[in-house]
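So, here's a batch of structures to check.
Across the two complexes that follow, chain A remains constant while its partner is chain B and subsequently chain C.
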Partner chain A sequence: MKNSLILDKNYLSYWLRQLRKKMSLIAPVRAGNTDIVFKTVENIHEIELDCPASMPSPKGLLFPQKEDMFKFSKEEINIVRDNTRRLIFGVRSCDMSAVALLDKFFSKDFVDGYYMSRRENTIFISIVCNNPDPTCFCVGLGTGPFLKSGFDIQLTDIGDRYMVETDSKEGAALIKEYHYLFSKAKRSDYEDQYETILSSQTRFEKRINLENARQKILSERISDAFWEWVSKKCFECGGCVYECPLCACFNVLDRCDSEGNGIRFRIWDTCMFKGFTKMAGNICPAEKKGTRIKRWYFHKLIYYPEQFGKFGCVGCGRCTITCPGRIDMATIAHRIDIGNRRRR
Partner chain B sequence: MDKVSTICPYCGCGCGLYLHVENNSISGVSPVRNHPVNKGSLCVKGWNCFEFIQHPDRLTYPLIKEKGLFRRASWDEVLRLIATKLSGIKKSSGPDSIGVISSAKCTNEENYLMMKFARAVIGTNNIDHCARLCHSSTVGGLAGAFGSGAMTNSLNEIADARLLFVIGSNTTEQHPMIAMHMLDALNKGAILIVADPRKTQIAEFAHIHMKHRPGTDVALLNSVMNVIINEGLVDISYVKRRTENFDIFRETIMKYVPEVVEKTTGVPARDIKKAARLYATERRSMLFYAMGITQHVTGVDNVCSCANLAMLTAHIGLPMTGLNPLRGQNNVQGACDMGALPDVYSGYQKVADTKMRRKFEMAWMARLPSTQGLTLIEMFDSVLKGKIKAMYIMGENPLISDPDINYVLDAMKKLDFLIVQDVFMSDTAEIADVILPAATFAEKDGTFTNTERRVQKIRAAIKPVGESRPDWEIICALSKEMGYDMQYKATYEIMEEIALLTPIYRGILHHRLDENYGLQWPCTDITHRGTPFLHKKKFAKGLGSFIPVDFIPPAETPDKKFPFILTTGRMYFHYHTGTMCRRTSTLEREYPECLMEINPADADSLSVKNMEKVKVTSRRGSIIVRAYVTDKTAEGVVFIPFHFKEAAANLLANPALDPDAKIPEYKVCAVNIEPVK
Partner chain C sequence: MKIKDIYLPLDAEIVEVTDMTPDIKLFKVKPERQFQYKPGQFIMASLWGKGEVPISITSTYGIHEYIELCIRRTGYVTSALHLLKPSIKIGIRGPFGNIFPITNARGKDILFVAGGLGLAPLRPLITQVMNEKKTFKRIALICGSRDPREILFKDDIDSWQKKGLQLILGVRKGLQLLLTIGKKDKSLQGKVSLDKEYLNKPKISFTNAYAFVCGPPIMINPTMNTLSTMGMDANNIFTSLEAHMKCGVGKCGHCYIDGKYVCTDGPVFSFAEIKKYGFY
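On to the complex of A and B.
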């Protein structure tokens, strides 16, 4: 925290405009009446920071729903790699935490070239969230509303200025070049930041204790009948997985024309579908919906902590918004947790 | 990276979504968070609706068939050929020798132009579209009862209703986002009554599930009303003030005592009574129906029974009530509104009405025919009789979707000239003489009208693939080639003309649709904010009419030779004839082949095991499918989805028509099942 800087709000658009000359600037913009989406910014003044969470998470910018891998013909293969330089501005802390976990997922045992090519060319400026939605619950998970590490540049809104912190070389470089816009933070600025963070934490309506839910699942007190009950309301839309900033399963497919030229691409897939683990002879190990839902929760709450030391959920609350059957992470984890307390 | 706000091209819910565009290629989709229909959710089809758009199978240039093979042609050549052929046929055999099929998949603007093309350029009222096969009985039935054949209330009222009565609708699978609102209502304590022969997902939540035999809807509804009248639950002051014809209607109903009806429908009298009491006494009761009501030879009767029930208990004309037909296609409501029907112009203005016809003649500067045209199924009859010589089919695939496919195929082969305008080489396109490549929803501007009458804008996200063109541009170009220059530069100009000529769309203009996610018609002037629910103080036609209907059994009932009832329909992962969804990897993987649902008891008696192949035969043809043994269907009833061309359920379906609406009876026919060795 020692090296924090201060950026006057009046300088923000100038800074972004300069940065945009070198890379594509993507930020939350109002689309339609009330929706916020991440897209390439045409007019810097359109950027919305005091707003509800963006609906698709920025996952799709690093790992698009459909991504071409290579083009082929009978003679040759051309690998497609996206190396557009991107600056993603205004990401919330939860999404930033998710990107850190995605990095691990895509590079731990096997380095995914397609993801890494995009990732290495992307810089994030995240924002300390002072405007949580009613569905947000990052506050209990350590994934928000502010981050101590794992970001490029983090901004905290303290009235007429931003507190600017950096945690990566790439981030520092963006500031160094425009050092004349920044000043050193004073003691009062730190105090203001502390207050902002405190007030932000109090604004969360939901407190979900995933650890309690995990313990209860581990103690095997959740019967299959519970998952069957949950699955009754499942619409099999896959929305929870598609919206989740951490879910990263994909299917690989070829599309070929009559002359033998074609394209191999990957497309988001979800474990909520029966066909996800279909084997030869039409055998589906997870035939029942309940089994699949259980598997998803196990992955998020048990296997993720085992593999990466963190929950496979950052508390962004998007599954709460998108689930048509209202059987999202917050609701179910809470139910598992509360059910426990009632019985005591 | 851009995100273009548009509307889902699948069902009638009309969910808002963003298409993610990078370098003129669509890389993903996401729901609109605050959209009044989907509220940040999508179903599996919506989440995957972008994959077919840039599929290599897309038709990218016009094709002309020569000696049985298609060859590439230029737009100029193909348009000239069509213009010459159509003009020639019109001259030699008269304009009524040409039939036009419009599309519920296309925009309002395109449907309007198509009907203008048929009426003003060709000079025939032979125009129809697939609403004939799904909700023509609603349009007809409700026009008779209320004066307006559309969903009366809005989707975002559902969550606040106290009782939901769902009859003949597999809502969770066919209209998932509407089912989402229903589950929300249940979470708030609403009561759910489901009447469906199958144990659908929504039926699992039902407080009362009435499993009536397919085709006995009128008997069931009449006996529900019998209980309501006998137990004094009729809203008498409403019936007196707002309706007519009650006394005659009452006499008919008196015959349907629940204990007697129990034998016809198979529903215990106890359940009928309970359902009747609950529906009548809850103040905010909504009634929903879909294909289970309409696709019968008694389709109009079924719809009238629903209307009678709603009027009897005053559950109409108020928020959180109403009679709510759930429309199947993304723009089937719009295609009807635009007058892609043989008897009306846009806004249901009658062709036979001289005043209306004069208005359109003046606006279009052409003489218009006054006699009602042929409906979809009648057109094929007429082809076989040698009356219709040429057909122009836009965005439909009758060779999978129409009943008794062999009959339709014979008819199409007999045509002198068949034009198909589509995005993929559909089964119908394969037998066409010329194919015009059209653009999909992601490549054009326009409007769709969803099931709750909400007119919403779609926006082009990418340029049309290859040489394909939006349908409205094709129709304009063809019309010009035939000597009638339509002179539209953009779709908003077409919408202006629609607004001018159509009272219910008068206030609907493109620039007004950007705010608040569209407008619900009737929207009668430029400042009107749309109508969330219909028939507020009085019915569209004045007094609502009770139409007494008697139970008539289905056209085909099981007998010794064909002992099972076959009911057809859709399923969650697929959509209609499969041209879009079967080119979507996730959807195709989940449900790659046709399965016939059969009750375990029936499977046992036939000694058929799960996933074994069976041969299903009706009086019209036979198909081979795998049997899926499940207790979802009742004994004696089997269910086959109609999406699969390799096992087309519509080879079996009975083309018996409702006498008024001319809708075929897809929901009931008799079949025989034998195991395949």
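On to the complex of A and C.
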């Protein structure tokens, strides 16, 4: 943090224009009049930074909803790989933390080549959230609104200028090349940044303590009846899984024509669907809706901390926006936590 | 950085196909490259244009020349596999998963319980145990199936018996009942005791034995439960679980059960683990 730089807001579009010449620039853009989506930017002025969280999350840029894995014919099999150089601008801190966790997940034990080849060719510029949404709760999880590490380049909006920090070689290279746009940060800039972060942290409406919820689940004080009760409100739409920046379950399918040419592709899948675990012979280990919801929460609250030391939730609040039954992570974790206190 | 593709199957030529029962076939496949594996591991059998299925390896590395796969025709991919003839190439990925912890069982009695196709994943383990018989005490196999004709690997069972394996075959009514346990049958308890009739038969000391149970999911839990009530340590009862899998490497999430991936943390689990994670 010692070597932070300052970028004048007027220089930002010039900088992005120059970078766009080398790689494709992807940034949050308003689709129609409502949702914010990440897509390749045509016009730099379209980029929306002061806006609600993008729906869907940017995980689809690294792990697309449908992704070809192999093209095959009778004679040969070709591996499909996406090696496009990309710059993703304007991701939120929570999504950046999610990407860092996905990196660990996809390279643990076995390295997933599809994800990693995309990841290695992608540079992220993340933005500190000055105005968190009412659904956000990253502040309690350490995944936002400001990151100390795990990003390529991080920008903090401090009025008429950006505070610029780098945490990777690739990120530093992007700045070094255009060093004339940046100036060294002064003491007053650090103070402004600190103040911005503090004011942002006070704006969070939700305070969710996932650690309390985890402890309570681990002490086995949450009965199956609770999950049954939760399941009564579940529509099985799978929205929470699709919008979650960390859910990475997929299905693999083959499609081919009569001559034997075809593709093997993977496609997002969700554990909320009944057929997700169904085996040959009609055996279904997670037949009950309550079991499936319990699994989802256990994966995020128990499995992730065990394996990676972090929760499988970054507090982006997308499930809160999506869930029609109001049984999203924030609500359920809060309920588990608060229920505990009442009983005492 | 060049990344080895974990999803790319290795070509393997089918050498021989044998009909075991009307719906079970034994495939002998010869992989393109050397392919080392251990008892308890599985592979993903892949058919371009159809899909992939997890199949346990039923041969022993170093004893059998080819990889042997015992496949029942149940789903989309297995039906397609059943139509294949020798010299056609399929794909295999693996081997994946952990192995049966047989080294800890040295110097103890060993009980195998196989139900139907459950003998397939146990076969490499039994072969290994029978070949190193001196390091173990008494060895028994309870082999159950719905129909006398459906007993698999009869030649192997004969050769194991010659080497001193106690064999208990349950093919008539009793086992039929055993296999219906769990089909949402409310009168479950009476049948578990029937089950016990068979489990009582082998002459081994249950308190100082290791058990390896394989079979349909509806059989595994009652059997392990009974063994545990008969005095066997829950940490010494092992099974090989099955699950829907798409990747075999802990990414696709289909086999995830309350904190464990069956493909990378399993498929071999002890009864203690199964109880702890609430698999059934």
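Heads up, the rule we're going with is that the second predicted complex is superposed on the first by the 344 of 344 C-alpha atoms of A that agree within 3 Å, B and C clash if a C-alpha of one lies under 4 Å from a C-alpha of the other, contacts with A are read in each partner's own complex, and residues count from 1 in each chain.
Definition applied: a residue touches a chain if its C-beta (ideal position, glycine included) is under 8 Å from a C-beta of that chain, and two chains touch if they have at least 3 such contacts.
The shown structure was predicted, so the numbers you read here are calculated from the model rather than taken from an experiment.
After superposition onto chain A, partners chain B and chain C are found to sit side by side with no clash. Of the two partner chains placed around the shared chain by superposition, chain C is the only one that A:271 touches, whereas chain B remains out of contact.
Looking at the shared chain after the overlay, A:253 reaches both chain B and chain C. In the superposition on chain A, A:295 makes contact with chain C only, not with chain B. Contacts of A:60 after superposition: chain B is touched, whereas chain C is not reached. Working from the superposition on chain A, the chain A vertex angle toward chain B and chain C, CA centres, sits at 80° in steps of 10.
Looking at the shared chain after the overlay, A:262 reaches both chain B and chain C.
Touch criterion not met for A:132: it reaches neither chain B nor chain C.
In the superposition on chain A, A:285 makes contact with chain C only, while chain B stays out of contact range. Once both complexes are placed on a shared chain A, the shortest Cα to Cα gap between chain B and chain C comes to 9 Å.
Common to the chain B and chain C contact sets on chain A are residues 251, 253, 255-256, 262, 269, 278. Those residues of chain A lying in contact with chain B across their complex are 24, 26, 31-40, 52, 55-56, 60-61, 64-68, 232-233, 235-239, 242-243, 251, 253, 255-257, 262, 267-269, 273-275, 278, 282, 321-326. Taken together, the chain B residues at the contact with chain A in this complex read 1-3, 5, 16, 18, 20, 22, 25-34, 39-44, 46-47, 50-51, 55-56, 172, 176-177, 179-180, 183-184, 187, 201, 204-205, 514-517, 572, 585-586, 589-590, 611. On the side of chain C, the complex with chain A involves touching residues 1, 3-8, 48-53, 74-75, 78, 216-217, 242-244, 246-247, 249-259, 264, 279-280. Chain A contributes residues 69-70, 72, 77, 79, 105-106, 108-114, 116-117, 120, 248-256, 260, 262, 264, 266, 269, 271, 276-281, 283, 285, 294-295, 298-299, 302-303, 306 to its touches with chain C in the complex.
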